[in-house]
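First chain A sits with chain B, and in the next complex the same chain sits with chain C.
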Partner chain A sequence: MKLSETNKAWILLTPALLFLSLPAYGLFSAIWTSLHENGSFTTKHYRTLFQQETFWESIGYSVRITLLSTVLSLVLGLLITRAFSPFIQSTKGKLSIWLPMLFPHFVWGYIVLLLFEQSGLISHLLVEMGLISSTSSFPIITNDQNGIGIILTYVGKETPFVVLMLLPIYAKQQDGYKDLVQTLGGGKWAAFKDAEWPWVSPVLLEAGIILFAFILSAYEVPFLLGATFPEMISVLTYDWFYSGDWNERPLAFAAMIITSVLIGIMSFIAFSAMNRKRMLLTKGQG
Partner chain B sequence: MDRLSKQKKIQFWALTLLFFILPVVFLFLKSVVLNFGFGRSSGIDFTLRGWETLFSESQLIQATLVSLGIGALVVFLNLSVGLLAGKALAFYSFKGKALIEALFLLPLIVPLLAIAMGIHVAMIRIGLSDTWIGVVLIHLVPTVPYSIKMLQSGYASIGTGLLQQAKVLGTNRWHRFFSVELPLLMPSIRSTVFLIFVISLSQYVITAIIGGGNVVTLAMIYFPFLDSAESTVLAAFSAWFALLPILFYLSVELLLSLLPYQNPWRTRL
Partner chain C sequence: MTPSFITVEHTSKSFNKEAIFSNLSFTLNKGDILSIVGPSGSGKTTLLRCLAGLESFSTGKFLINGKNVTALEANKRPVSLVFQHPLLFPHMTIQENVAYGLAFQRRKKKERLRHAQELINQVGLTGYEKSFPYELSGGQQQRVSLARSLAISPNLLLLDEPFSSLDVRLRNEMRTWVRQLLKDQEITAIFVTHDKEEAMQMGDYVGVFENGQFQQIGEPEHVYHSPANAFVADFFGDHLLVDQETFIPVQSLFLSRSKPKQVGSVWEGIMKNKLHVHGHSLYQVFIEDLNQHVTVSSSINLTIDEPIYVSAHPDSVQTFTNQQQRNG
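The block that comes next holds the complex of A and B.
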């Protein structure tokens, strides 16, 4: 018997679908654990979690840092790709802009420490140049309460990622549409909005969601560059997960489920904002 | 016009130099320089002690081998899953394709920490926690979605034409795969190998949870190093993280050059 085309596709997809069972199982098991105690259903862990001051502070702090890092990376990535795509496409350009991708996040965090610590390179250089009197008058921007060190690390690491995602679009971009806008009397802004944004925005959206989800829940960088208080949600979760107190373990699960829900809501808002625009666009054409 | 693009070129290189290249150069310098002579008139002291101390740690060699082994297996599994799924998504249209594509993105969006904590208990039950197999499995979660995406666009860019041509000429499936698909996909495979290895090398928290301290990868010993080691050793260790993917990549290249169709003297299939 000959296989139909559709069946062939599903056979090729089988290993990948099997793989999906791994994260799916992990997520459902985490949800289950957060909603059970001694085998019976309870919302107790969530009620305890919501009463914790540290949890709310941590969520607020994490979302603030994540939004800032994500938006900065997206904007910088877009600006760099727009301005320099012919240079980035050369091998030398590619290698140099993707250099940070060679390093794990925590190593890039260590580089940020070396540069921006009070006893770091920049502070010493400023003293040598006579701009500040001693290294101790250099502002504290690593392991600081505002998370500046964390943001610096993520922006340095993720901007190249955004460039990587956007580059294929700008490499294939046809000037025809832009010429059309200009012929029809549109300015630079109109050319960007009508001939560039429709191609760029889906990729930016995808990159933005990946970055938001990753930065909100990653552990390594805030562990290295964060302050003792407030902590990012991942660090708090890890502490709860490995604390000696057995009662705190379900809190770790509940905190991560709330984080997942938050990511879900953000992705939904971003998606629907874009789809609404698309709908308007297609209606306008009809 | 020409002056404008020259100006832009200078801007581009100033930007990448300042934000991407110099920090890395500084890291490498830091691993061989004891002090930069700030505040004193004495010159810069070079030393190789950092690198010597690093490689005299038996723990480091051991962890490097563990990381290499786990990374190689993760890369291999990624390529196997990614090539098949990438081909399906690039060449076939079927019901629910958009949904499947969205599902493959989900592992990147659900917090890895939540997934690892959730799987942990099951891994204990089936005896995979504290083993390197368990660690390999959990490393698949943040990597496979990228492989599928990269290899899908790889397949999409070669198109179906040449594959159909080979089919018409009467080749079998394996022959087609090794003499048409694989060579044409090489650029995508290269970047996949590289990226996936780096991601696997970067995993600390999920390796700690699933490996339970028994599977000691490089990331596992980096964090304790941060508190104790002196700066030249730490900088050397950090640089080692970037050198390892390059070494891995070069050995994969070497392996690939042994494939028959890479032979420059080959004249026919």
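The block that comes next holds the complex of A and C.
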């Protein structure tokens, strides 16, 4: 029996769809739970959630840390790729970029803790060198209210990811466009703006969305390196979910749904801004 | 005597002490088109990049209209370059692409777009202003690329094998069309190619380039009929090279099945291939004694691998001119 193209596509997509059904089920069950009480529909949990100051504090704090970590990782990743592109494309270079990718986030967070906590390695080293009088003079940058430890961990862990995302773009970058800009009268800035950025920006944006979604909702790093207050939304949700009070469980679901909606909105805006440009770039190459 | 518009004096270029070209000199008058033709790897693209300012000359001077531009960077030189590939910005419209270089000349947007429109009309693409590059064919894209280079009104236009990515028919059309456009607008241009027909069609002068040297510069007809040396004769002409000093133009050769008497030069050959061009039968014959293939027109009906005599009258044997460079 000969399969039509459409049927063939569906058969090929089946494993992916089956796999996606798991998180989809989780998401729908969370939406269902957050919108029901005692078997009947209600928006009560959302209303309660929106009245909680802790929730708003947590969302604001999470978005701030997420945006900072994301932007810093993107900028650092771009700078490193531009500066060391030929080296990174060699086996040694690729290995040095891959290495941090192999550590779990929790391990990376633990390294940051060991290095940067007030009684950590760096603080001891500075005392030994006589640069500070005691470890208590070392600034608090882990488990701190500004989330510096969290940001340090994410930047350290995600920058290599950004480099790996950008590498193929720089590997196949045509020097021709830069030469062209120069022969038409443009300087270095114009060469970057018109002969490099249009190809780099869609990838940066894509990497940015992945990082934003991941950092905003990931749990282990803020749990390890965060302060007691304010907490990142994932930690707050976890607390609500496992707290003794069963009434808080729907709140946890509602908070996670809000997080998902936030990620959804960000992705939608970013993709709609980039899709046409991306289409033009892939179609008009050459 | 009026000074030349373009003067290249004793220029050379080397990378890591390896000379790409050395002691090159030539001049061009305003509106002249020079075709530089040579095999791949002969250094002609490097010469073009040096003229564009994308590479610097190791020694020598480059003057445009009497002004020394040798030390100027690419973006400050009144020179523009049309590349092998159109290199249109895929995310810009045709009009934005053509107007691109004008932004660096600090012209107002309205004027930039108006000027770009004029050029789009000139290259025959009226109606495509708002299209994107992917909507155009290869030939149309290369025309946009040419319009973009012309838009900045360069004193010298460089073209680096701009038709090499086009199919044969389109390539032929583009050659005639581009030459006409350059002539109409009196644009001084240097055209690089590895195709001798293209060089002849495009240039007022051709420069045969090999080993980092011009082997000969002159009008196409002159270079074709009176090659300066064996390389030019072999690469640019259709001649039978008798030795390093003499050659016989291919039109003076004839084929015969029996060995002709009272003829100065006769060689034994084997017919290797047959082709038909403009109503003539051409035979590609291999002459073992000279280790050369030669293509000769003949009305005899030959079969592949058939032995044949290739002969020429003694008067037709010519000596290379060894004329090195065109003056003025």
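Heads up, the rule we're going with is that the second predicted complex is superposed on the first by the 263 of 286 C-alpha atoms of A that agree within 3 Å, B and C clash if a C-alpha of one lies under 4 Å from a C-alpha of the other, contacts with A are read in each partner's own complex, and residues count from 1 in each chain.
Operating definition for what follows: contacts are C-beta pairs under 8 Å (C-beta built on N, C-alpha and C of every residue); 3 or more make two chains touch, one makes a residue touch a chain.
Keep in mind the model is a prediction, meaning the values are calculated, not measured.
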| item | value |
| --- | --- |
| Which superposed partner A:176 touches (first chain B, second chain C, both, neither) | second |
| First, second, both or neither for A:184, with chain B first and chain C second | second |
| First, second, both or neither for A:75, with chain B first and chain C second | neither |
| Which of chain B and chain C A:210 touches, first, second, both or neither | first |
| First, second, both or neither for A:104, with chain B first and chain C second | first |
| Contacts of A:63 with chain B and chain C, given as first, second, both or neither | neither |
| In the superposition, chain B vs chain C on chain A residues touched | B |
| Sites on chain A touched by chain B in the complex | 5-6, 8-10, 12-16, 19-20, 22-23, 25-31, 33, 80, 83-84, 86-88, 93, 96-97, 99-107, 110-111, 114-115, 121, 124, 127-128, 156, 160, 168, 206, 209-210, 213-214, 216-220, 223-224, 234, 237-238, 241, 252-253, 256-257, 259-260, 263, 267 |
| Residue ranges of chain B touching chain A (in the complex, touch as defined) | 5, 8-9, 11-13, 15-17, 19-21, 23-24, 26-27, 30, 36, 38-39, 80-82, 84-85, 87-89, 91-92, 94-95, 100, 103-119, 121-122, 137-138, 140-141, 144, 148, 153, 195, 198, 201-202, 204-205, 209, 219, 222-223, 226, 234-235, 238, 241-242, 245-246 |
| Touch list for chain A against partner chain C, complex | 174, 176-177, 179-187, 190, 194, 198, 277, 280-281, 283-286 |
| Partner chain A, residues of chain C touching it in the complex | 49, 52-54, 73-76, 79-81, 83, 85-91, 100-101, 104-105, 132-134, 148-149, 152 |
